[in-house]
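Okay, got some structures for you below.
Next come two complexes built around subunit A: one with subunit B, the other with subunit C.
The block that comes next holds the complex of A and B.
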């Protein structure tokens, strides 16, 4: 049996990735995560002295804290198996990546373990996030200078 | 390459130990010990795995009424970098030791070498086997344990388990090793590390076919042909390969897979179990006991291993795989 024949057999038997189902689940659960985030936004505006521009920080901090807690309790990965991108894309996914890597490194000590492993997963998010933010800002600056849009 | 063991070395005793998650295994009742703490009350996963290996060896020595110094050879491997858990367990065992790596096929490659040493009369008692630890293996090969990555239906769950067998001179009332086949490395171009069954099935097919041909046997000469950790999907693929070469349904029923059955139908484990400890713990508990009870007279155990590393996969390499087989009979 050659490689091509084998590929046929393998493709026939291997269940296809349920993209539509995965996208739907990610949309619903991701949406739920964001709705919870929004509830915190209203909570901080109504009960504390936050405005719509300043409320982002405490909201993100709360969501990050909840995700970190659920990661430590081993619940986050179980939700993520169902949610996929729904729990990976929001800020909670970033928290999960950082915290799970930090917990994993604990047995190698705080410097060589936690410290050097913490951003192993999230490092590329930071790098490409910062880089793309820079370029988006640059494009906007050019457009504003040219008078196409306003700040 | 089929090796015939004329002196028919016997499996004198077996020891199997598993972690807390493995309570859910359908083979649970066959294991000698199941531990509550996944780190065996040690500080690290790796120390826990070493402890698990030691415990399996101690169980064997107790069963056979032997001491450390009676063991001539210890042949074993695991999946952690440089196999430190096995090496550290060997330090405590203090027998002549060769670390063996055939990934998840180590349960059988070590058994083949132990049988050869026994055949040569170089060894009176040799312990062979393998182990894997879920947390220690996952963090090395994939993501941190608590990272929320969605796994596909083809993914498998690395078991926390160790299985070891004591090999000695032929004893007609015990399962005996009559032949073995050392597999080649087969690579059919699979690149997805979450589809090990698909990567390893061709290796199992190649080794089983080579063994049957070398021994001039048919599938139906066996009561059971059990692969290691192809998983539910990999086993289906293997059966389809044999079906294409003309095997009938009753012949295909001879095939089983330790990984596919390990956690039963529990969907949380996706395509089933994997890991060096998966085949080792099933072969050296359930299979040994089934043979002793007379249910099976002739079995072919074919453990499969994916010879990849996280580095090789990230560098875009395909996944080379191997499979080693051993034929065990009960008189």
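The block that comes next holds the complex of A and C.
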């Protein structure tokens, strides 16, 4: 049996990935996460002195806190198993990446374990986030200087 | 499963059917002024609801843009600000499409104490300037 034959057999045996179902699940649960976030947005606007421009910070902080709590309790993993990208894409996924890495490194001690592992995943998120923000701002600056759009 | 998909697709239809009428409320003692500002708001079709508060030499207009047009509310704000300022050149005008201002002005409409309204409007103006 050569490689090609093996590949053929493998393709036959592997069950097909339910793309549509996965996308639908991710959409619904991701949407639910965002709906909860929006509920917090309105909560902060109505009961505290936040406007639509300033409300983003406390909302993100609350969502991150809740996701961190759920990760610690082991509930977030179960939700993520069903939802996939639906729980990874919102800011809660970032929180999950930080907290789960911190928990994982706990056995190796606080400095070399928790401290160095915490941003293993999140570090790349921060790096590429900052880098892409820089390029987006650069493109916008060029467009504004050319007079295509306004700030 | 099929039923659920149908239900999900129908949700926007139900939501769109809600309310097409503009509701504009004004707090003022001067009939003429309030009619003018109502007319200005009514002329912009991107807005579905709005409140205007006249207090001393201040005018606070809080509007809400239609859901599909919410992404360009900064532009709507600017446009309306210009139009309102043209009508009331001797007043200090602030037009905002922010939900916070709309919510607070809704409460101020029934407030009787002038002093309190003035203080509140001052506070809201400060709040609207905050960036972070």
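Just a few scattered comments:
Basically, the second predicted complex is superposed on the first by the 151 of 151 C-alpha atoms of A that agree within 3 Å, B and C clash if a C-alpha of one lies under 4 Å from a C-alpha of the other, contacts with A are read in each partner's own complex, and residues count from 1 in each chain.
One rule holds for everything that comes next: contacts are C-beta pairs under 8 Å (C-beta built on N, C-alpha and C of every residue); 3 or more make two chains touch, one makes a residue touch a chain.
Here the structure is a predicted model, which is why all the values come from computation and not from measurement.
After superposition onto subunit A, the partners subunit B and subunit C occupy separate space and fit alongside each other. Once the two complexes are overlaid on the shared chain, A:79 sits against subunit B while remaining clear of subunit C. After overlaying the two complexes on the shared chain, residue contacts for A:14 are found with subunit B alone; subunit C is out of touch.
In the superposed model, the angle subtended at the C-alpha centre of subunit A by the C-alpha centres of subunit B and subunit C comes to 160 degrees, rounded to the nearest 10. Contact with neither subunit B nor subunit C is seen for A:35 once the two complexes are overlaid on the shared chain.
In the superposition on chain A, no contact is made by A:145 with either subunit B or subunit C. With both structures placed on the common chain, the touch criterion links A:57 to subunit C but leaves subunit B unconnected.
Number of subunit A residues touched is higher for B, counting subunit B against subunit C. Nearest C-alpha atoms belonging to subunit B and subunit C sit 21 Å apart in the superposition, given in whole angstrom. Across the two superposed structures, the residue set of subunit A contacted by subunit B and also by subunit C is empty.
By the touch rule above, subunit A contacts subunit B in their complex via residues 1, 3, 5-7, 9-10, 12-15, 17, 22, 71-72, 74, 76-77, 79-85, 87-88, 93, 96-97, 99-101, 103-104, 107, 121. The part of subunit A that touches subunit C in the complex is made up of residues 42, 45-46, 49-55, 57.
The touching residues of subunit C, counted against subunit A in their complex, run 98-101, 103, 127-128, 130-132. Contact residues on subunit B toward subunit A in their complex (touch as defined above): 43-45, 139, 143-154, 188-190, 195, 198, 201-202, 205, 233, 236-237, 240-241, 244-245.
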